[in-house]
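What follows is a group of structures, each given as structure tokens.
Shared between the two complexes below is chain A, which pairs with chain B and chain C, respectively.
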Partner chain A sequence: MAIEKKIDKNNELLDSSETEINQAVLESQTENKKNEVEHNYQHGYEILHDLAQKAFTLSTSEETSTIKPEINNLEKEAKELSTETKEKIEQESSESAIEHLPNYNPESAEAKLVELFPASEKIQKRFNEKISPEMKEAIAIVCGQVFNKGKYPYTLIGSNCYIPHTEHSEKIPDDLDVIFGIKDLGIDLKDIVEEKNPDGEKNISRVTKYTDGAYAELVKLQEQGIIKDLGVEELRKFGHEKNGCVKIRCLIKTANEWKEMEAFAQNMNDEVINQGKNKNGIINLGVEKQRLEVIDANGVKVNIGSEKTAEELYLKNTINEFGLYNLNGWENKGAVSAKALQRIFNIINLDSQRFEDSIDQMIENIGQIDPPTEESKIAQKTLKNLWDQFKTLPTEGPGLVKHLMEVNQIEIDTDNPRERKILSTEKAVDIITTETKKDMADIFDRYQELEKKYQEYLNDPEKSPEKNQATIEIIDQEIQTLLSIGSKYKKYLNNTNSADKNDFCVYAAMPQLRNQFILPVITRLANNRKNLEKI
Partner chain B sequence: MAAAKLTPAEIKSRLENIDAIYQNYIKKIENIRNKERDILSNFIKKMENKKLTEIRRSIQSEYK
Partner chain C sequence: MNLNTNQNSVAMKTNEDGNKTTTPPITPEEHEQDKKNLPKADFIKQLMLSGTPPEEAEELADEIYGKA
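Showing the complex of A and B:
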């Protein structure tokens, strides 16, 4: 055991006592320093908050807007600095140091874009407590027997990565998502052939040849009965042209059930550079800060995305999904991801976010995604308009989240008000996501059906006033149905309380759905009706 | 990525690293906070001067 004499700056002995240098000292010093960082950050924030309040009461919103972006950027920088510092301190306290994966050159430019560090005690504890035993078993199987054998880093994303980075959430991950480098796949893309399914019209993919790699390891597991239903699929951009990436899907056997896995073999640095795009890192996480944490799952070392990585991924998902949260999006993509609302909630529920007041920050962060895209501009503008609109709503009333909880007779069992607020919002977001998803699908299906009928009637050589009237009546009926769906959401809107900022996560869907989805369908149907009247 | 117990020498070096990380943080955060404070203080000064000018103007027009 090493003994350290206590010495002061002048290298003089302070007292006769001696301090043992052991892991406990390291752990307590880590905690102290992390707390000091947090305290320092919070203290600075509070002082500046008071100063900012004073500044804003003296000025108009137009005047305020001249300094707000700069202040917000600096605050973001301060917050990131404090989070990163705490992570770095935590990293120093870890019992084991991360040895870089031996299979790639850590000095290469693309490897330097990926940072691997041991998960903190907090993250490991949450992973142990919140991820089900079956899920841990499934993760340990595929990571230990497939992805840890790869030459390049991989990472778990999705809910298994999100849950450890949140204090309160009742989500229980039921599937697992992995991202890994396509060079570790072991299949040449030309060896994936698409064939017609014998009992249907749907195409199925078949691998005709493969070499060592993730796919070969999965085939071995399937032969041993550890996984089943192994399948691959080349991914396509918006369902159109292939994008060079591959999705592997399978079910993993655990003690009590089969767990679904989706693993995405993504383009790596070389592939992206060859396409004339920016740097990409060693794996394509789609984020700038490729920070991965190593956790322990049943004794197997597993990489999960860090909080920063999770935040950036959710921001990009919000852009892709909310930017297309309208009728055009549905028509171009074949569907709208109602999950856009859940992404917004997930972002503001991450550890380093201030749940009640981080919407502004989220909207601003969308604007800082580099390079900006058409979708990111639309998503930012749409969310900003909705947020500005939300702030003009009454600050009284039951609140949308509370209303949805009451109507659905859901109670959150906790005495902690903050936890209750977060869990209620999470539930309300899930309720409205399911409801809007179903409404959008039903509306679109019925609209397509009516459009078909309308076209059929136009092409009908034997038109008659009766047939014409019948078509008009079906359209009228659908317009009435759409109006009643619209008014159902209007009733929800009347319950919004803008003093409850968490209401925004639910609110955001409704004006968008009413004005950008239902209204355009009504307008198109009304136009068809008008044309029929002229015949 | 094998786990290995840290030796006392390694722990000592980690403690020094933590201190260095913390000192570096303090320097950087102070820099950011100073920038924020300067922007807000200058803005407040500007707004107060503007208010003062407005008051002066209104007094002048009142007593002309």
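Showing the complex of A and C:
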């Protein structure tokens, strides 16, 4: 929140050094700005109207041919005025949207690539209605007392940004995500040291020195007991080399519970330019021009991504995740996370998306990445393969989403068909991703255990037919378990109706489980079984 | 739309999430080697010995080794 000079009833300055956080002053100033913008707009409109009238009169007169250049000049003048008025309005609107950022540097390269504007009533209303009171409290604390003090753009991302931009969703955000510029962090990366945990198993990061910035503000909040478990971690690209970005994690105290926050200090324009790459707009959102909206959370003004930003963010996440996912193999030994599918669904579910076209649209958008990267190419190919494969499935099935809703006895209480479709898909995606994720983890664990037993037996100097048979039996048991998991998903596939694009998000979770887990593990177990038979 | 993909911080978050996702236990190279070590007919035989019905074993073998 902005810090304002205290004024008396006559608008006279009482004490230039005395300051306080004054919401009434802010509101009054915002109202003045609004009036000013309206006045400018009205003024511009009147001039344009007048010019248009003159142009019309001239164009209908008999002397049109002789005065054509004059008409052209008037037209040019009208366009210039129109542009000027538009720019003025945008500038005024933008100025009133940064009042909650007292240290913001609008002249910075990053700020020039980011446009801040007040959230519409619709977005504010949804935020008020759909975000829990505890989450609003946590957002107000951390944005008001930490991120609003930054010099560079920041924004709330994740579900708190997604939810206000979608009409139908029952998701309740349980954590909050922020991205901000690394220059606002207040830690030199060399002052983050990795140490072994006392138990020696895990590395922990410790900050040895810090200056003013987001981290220092969080330390203050921790000292006051407002947050706890503050930690930082340098991030790595796909788990390998460090990439100059830092994640801060903490828990924020609210009236009833602790809310988890993850804030990502991102590379900024300078860092990206120094790497010889194209300019970067805001911190990591990765597009050249970002629009952020300013919403009110418990009286504190907070930046959240616009719908376009949310879409691009999800799209980029999807690219990164699918870049690791190879339908026919295990390139990079990567695996698509459940969140990738939820993100596809989130993109589809945004307000301005047309459900019917959104998957084709998404595949096309990935192809428009400039310049294309290896990851974006793999992501596009993978998604297209999945989509093409999905389209070959029968069109007469009852529908996988419908099937999962029935099996899990979930009823959606609405008469609105679009709402029903979105809410049921949302649930079905949650169900299938939870299920496949668990199956993958279980298959992995059981396989490791089995492989260990198999190797132990091979190395056992006292082999016996009984021990051999016992090892074969546990292999047989696992083969049958894997076949039964396979059958379960086959049933799901039989229920899929490819005429219903709704089913795609759910379907997309399944090929990986079969191709990367079930089939290779069965092959390995059959191999081991044969080897045991020879002994 | 002109996405700039220079940044990898979203990827980092992806990575954070990705780490929670189970990695396939067997690599593609290992899987190919397993297939070489165990011809299709042997695979079917082992599966049947493990209690799998013949049709199911053959169907699975077709899926893994191809129909040829």
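The rule we apply is simple: the second predicted complex is superposed on the first by the 348 of 535 C-alpha atoms of A that agree within 3 Å, B and C clash if a C-alpha of one lies under 4 Å from a C-alpha of the other, contacts with A are read in each partner's own complex, and residues count from 1 in each chain.
Just so we're on the same page, a residue touches a chain if its C-beta (ideal position, glycine included) is under 8 Å from a C-beta of that chain, and two chains touch if they have at least 3 such contacts.
All of these numbers come straight from a predicted model, not from anything done at the bench.
Using the contact criterion defined above for the overlaid structures, shared-chain residue A:D360 touches neither chain B nor chain C, since it reaches no partner. After overlaying the two complexes on the shared chain, residue contacts for A:S376 are found with chain C alone; chain B is out of touch. Shared-chain residue A:A78: touches chain B; no touch with chain C. In the superposed pair of complexes, A:E406 makes contact with neither chain B nor chain C. Contacts of A:F444 after superposition on the shared chain: chain C is touched, whereas chain B is not. Of the two partner chains placed around the shared chain by superposition, neither chain B nor chain C is touched by A:D212.
In the superposition on chain A, A:K54 contacts chain B only, with no contact to chain C.
Between chain B and chain C, C touches the greater number of residues of chain A. Shared-chain residue A:D460: touches no atom of chain B or chain C. In the superposed model, A:K301 makes contact with chain B only, not with chain C. The intersection of chain A residues touching chain B with those touching chain C, taken from the two complexes, is empty. The touching residues of chain B, when paired with chain A in their complex, are 1-6, 8-9, 11-12, 14-15, 17-19, 21-22, 24-26, 28-29, 32-33, 35-37, 39-41, 43-44, 47-48, 51.
Contact residues of chain A toward chain B in the complex are 1-2, 4, 21-23, 25-26, 29-30, 33, 36-37, 40-41, 44, 48, 51-52, 54-55, 58-59, 63, 66-67, 70-71, 74-75, 77-78, 81-82, 85, 88-89, 92-93, 95-99, 101, 294, 301. Across the interface of their complex, chain A is touched by residues 1-28, 30-31, 34-35, 37-38, 42-43, 46-47, 49-52, 56, 60, 63-64 of chain C. Note for the complex: chain A touches chain C at residues 177, 179, 235-239, 243, 245, 247, 262, 264, 266-267, 272, 275, 277-281, 283-288, 312-313, 315-317, 319-321, 324, 329-331, 333-339, 365, 368-371, 373, 375-376, 437, 440-441, 443-444, 447-448, 475-476, 479-480, 483, 486, 516-517, 519-524, 526-527, 529-530, 533.
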